[in-house]
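A short worksheet on the structure shown next.
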Amino acid sequence: MAALLEVENLRTHFATRNGVVRAVDGLSFHVDAGETVAIVGESGCGKSVTSLSILRLVDQPPARIAGQIRFGGRNLAALGEAEMRDLRGNEIGMIFQEPMTSLNPLLTIGRQIAEPVMLHQGLDRVAARARALEMLTLVGIPAPERRLDDYPHQLSGGMRQRAMIAMALACNPKILVADEPTTALDVTIQAQIIDLMRDLQRRTGSAIILITHDLGVVAEMAARVVVMYAGRKVEEADVATIFTDPRHPYTRGLLGAVPRPGSRGTNTRLAEIPGSVPSLIKPLVGCAFAGRCPKAGDICRRAAPAWREVGPGHGAACHFAAGAA
Amino acid sequence: MTATAPDGEGFAIAPDLPPLIAEPPRRGRVATFVRRHPTIVLGAALLGLMVLIAVCAPWLGTGDPQALSPAKRIRAPSAEFWFGTDSLGRDVYSRVIYGARTSLLVGIVVALAATVAGVAVGLVSGFVRWLDPIVMRVIDGLMAIPSVLIAIALLGIARGSVVNVIVAITLAEFPRVARLVRGVVLSLREQPYVDAALACGSGGGRIMLRHILPNALDPIIVQATYIGASAVIAEAVLSFIGVGTPPTVPSWGNIMAEGRALWQVKPYIVFFPAVFLCITVLGVNLLGDGLRDMLDPRVAKRA
Amino acid sequence: MTGYILRRLLMTVPVMAVVALFVFSLLYVAPGDPAAIIAGEQATPAEMQRIRASLGLDQPFVPRFARWAWNAVQGDLGVSVFSATPVSEMIVQRIPPTLSLMVLTLLISIVVAVPVGVVAAANQGGWIDRLFMSAAVLGFSLPVFVVGYLLAYLFALQLGWLPVQGYRPPSGGVWEYLSRLILPALALSGGYIALIARIARSAMLEVLSQDYIRTARAKGVARQVILFVHALRNATLPIVSIIGIGVATLISGAVVTETVFGIPGLGRLVVDALLRRDYPVIQGVVLVFSFTYVLVNLAIDLAYTLLDPRIRY
């Protein structure tokens, strides 16, 4: 079976005053129908740009996108703007990090949810409003009839994110792109939103691309994990393998930086990855992670490692990936 | 895809990807400045040209701007009178060139005076809490009176002279600066480093000079430039409606005022001073826009 | 809500008081004795004294101001020194031309400036944006009377499409009325369009960089709908408020425009009064214009509450 979405050699570069930023540089991954794939990395690694590039929501210029994004037999990167609009919010839904700022403050919740339905499914105002009500009920907003005519500022953060999800799923998309959906929320609300997304995925069968830096969320939701660093994929595996047998030193670093339940005593101290993300303006020589890598050898500073398979469905871009942890 | 490293260790090396976007070419500092801030360069050039004209007025082929020659009234532009003559037979070219002095003088002096007055009032208002509401109500009131009307009202009680025109326009313009400076003071007063300076025993005056003013400088410079442009226009307007500089001091406004009665038949008397006026104001405004873009990176990013 | 309206109304009181104080002080410090002018050349000192007393001119500043302000509140702005007619009467007569000019200018400006600002922002950095913004700098830099002469020369003198100057009341026919207002209104709207278009552009840019615009795009909403429905609504506040603030510029410009086009409005009245040193008239016009400005901005502030559901006072 062909993958639902196949991203191949995606590159998104931005022209800025200070030079060209290679935000995403040669990323490939795929998403199967109904599957949840997490894209993980530190801020600035290009994971958000990846999600925006899939929907072509980055402005070109100043950006330029290259590569293939195959979805339903079409290459999104080559699609016209009008065709792209037909896809957005219809076959591919998207939710964002900041529920506070991602909703239009001057339009009612009901109108904002009804908008894509009217646009893509041709429903009239009344039918779209009914659909909005249905969606609000589905995402578990109490007293949904009243909320339809509320403005975003009248809702709490968690409620707003539920409204965002309702809006993104209103047209039954095949894929939901969730860009840090829980980051801006309180911990208890985070858990509720994750539960909600899992529940909705079971019911609607849509695939999810989950962009996050939170490995806790990854462990709870994802089937497969793509680890990104400096605009490139450094490791990919199913979720169990990533947590038990990470091959890339960066992945290990990320895991080391997460507090593990059950660990006690002196080991509770978080490991951190020394150094910081390299500038993406200068062309990188060698492995992007070499400067922060405890294992980096001469070769790492000279030549960028190619992708290599280290197990079934498991690969890494590291010269030393073959050696077990 | 798999290549062998030159040292033969069998490492797989990722292929090099060609650049998607060409890197912008490196330029020298001057070229970069001109490219990034073309408006500053153009504005400064226009303004510089006018300053040059004003300074060099006597050597630009001008005659006495006051010389009357009743026999040569209302002549069209010619080799003898480049811009023609007015209804009293004065050489319009000489008057326009000398008029640059009046306009620029008014523009520069008002910009400076309004800035100094505005900074003083703004600082006091921002720092002396009990005075603030009083000062701000007065500023609000002054700003509620359209600026030309303030100047008109003031010139109603004092005859038109260059000094009175300057005072009148300054009074109409300084509230803008005062507002701006007060706003900066109020926001900076809460900043940790001002608190720290206070805690270290710095006096109010010292804090103003060392900490507040440098931070407020950029917007003040931009504002002062715009005020200069407004002042040049205001002087022309006041002289045009007959209450500004007296006819003995040629200014673009009063040359136009004198040409007003004849403009339908002899439009050049109005035309030439108008062109000079527009070029000057355009230069100052361009300079102001450019400075704003350069000094306020938040705006520059968008502009 | 009512509380806010009341508070906002109260806030205009000190502003108007300062305006009144400024305007009154003019007469107080003005050279010349109004009593002497009213009494005429042959008046005896006793007569002069009587007139001074009847005008309250012999009293100190504060009671004089109080009396003047009280009269002004009741619509009595004194008597013209020149024509001996009540100032309020003169002003009322001159309102229609000025109001017509300003309303037409306002309409032209908003209709032109808002789309220009939106389109410029939508094409930020492109040639349309540069063209519009260059035109805006020009609009700022060309004084009203220069533009006025240019338009009159072109469209009235050379092409003969419109009358050169003057004013006809609307009772004399709509075209007679409008044709004499078009050129002055166009001249006056230049700077105002530039002002509004620039603010509209920067407000739109601010809004277009917001997350909710990205959300709208992610929903597949078309560009025009995003611009004019999602974005423009959110940019309305700064645009409406600059329209209000710009009324001050508009008033200043109207004074000049009326002079250029020979329109017998309030601007012409104040300029004529100035040349004759007719202080009560100057005071009256300045007061009326300033209060108009304050009231327009008050109305705009109150209108905000209707525009933005977040504002709840």
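Letters A, B and C name the chains as they come in the text, with residue numbers starting at 1 for each one.
As a convention for this text, a residue touches a chain if its C-beta (ideal position, glycine included) is under 8 Å from a C-beta of that chain, and two chains touch if they have at least 3 such contacts.
Predicted, not measured: the structure shown is a model, and the values here were computed from it.
Novice: Would you mind checking which chain's C-alpha centre is most distant from the centre of chain C?
Specialist: Measuring from the centre of chain C, the most distant chain centre belongs to A.
Novice: Chain pair with the most contact pairs?
Specialist: Ranked by contacting C-beta pairs, first place goes to B-C.
Novice: Averaging only over C-alpha atoms, locate the centres of chain A and chain B and give their separation in whole Å.
Specialist: Measuring from centre to centre gives 50 Å for this pair.
Novice: Need the CA-centroid distance for the pair chain A / chain C, whole Å please.
Specialist: 53
Novice: How far is the middle of chain B from the middle of chain C, if each middle is the mean of its Cα atoms, in Å?
Specialist: 23
Novice: Can you list every residue of chain B that touches 2 or more other chains, as numbers and ranges?
Specialist: In chain B, no residue touches at least two other chains, as defined above.
Novice: Where on chain A does chain C make contact in their complex?
Specialist: Result: residues 52, 55, 57, 85-90, 93-94, 96, 98, 101-107, 115-116, 119-120, 151, 153, 164, 167-168 of chain A touch chain C.
Novice: Would you tell me which residues of chain C are touching chain A in their complex?
Specialist: Interface residues on chain C, with respect to chain A: 210-212, 214-222, 230, 233-234, 308-310.
Novice: Any idea which chain C residues touch chain B in the complex?
Specialist: 14-19, 21-23, 26, 29-31, 124, 137-138, 140-146, 149-150, 153, 157, 164, 202, 205, 209, 248-249, 251-253, 255-256, 259, 270-271, 274-275, 277, 279, 282-283, 285-286, 289-290, 293-294
Novice: What residues on chain B touch chain A, complex-wise?
Specialist: These residues of chain B touch chain A: 1-3, 5, 7, 9, 11-15, 17, 19-21, 23-24.
Novice: Name, in rising order, each residue of chain A that touches chain B in their complex.
Specialist: 11, 13-15, 19-20, 22, 25-26, 64, 66, 283, 299, 302-308, 317, 319
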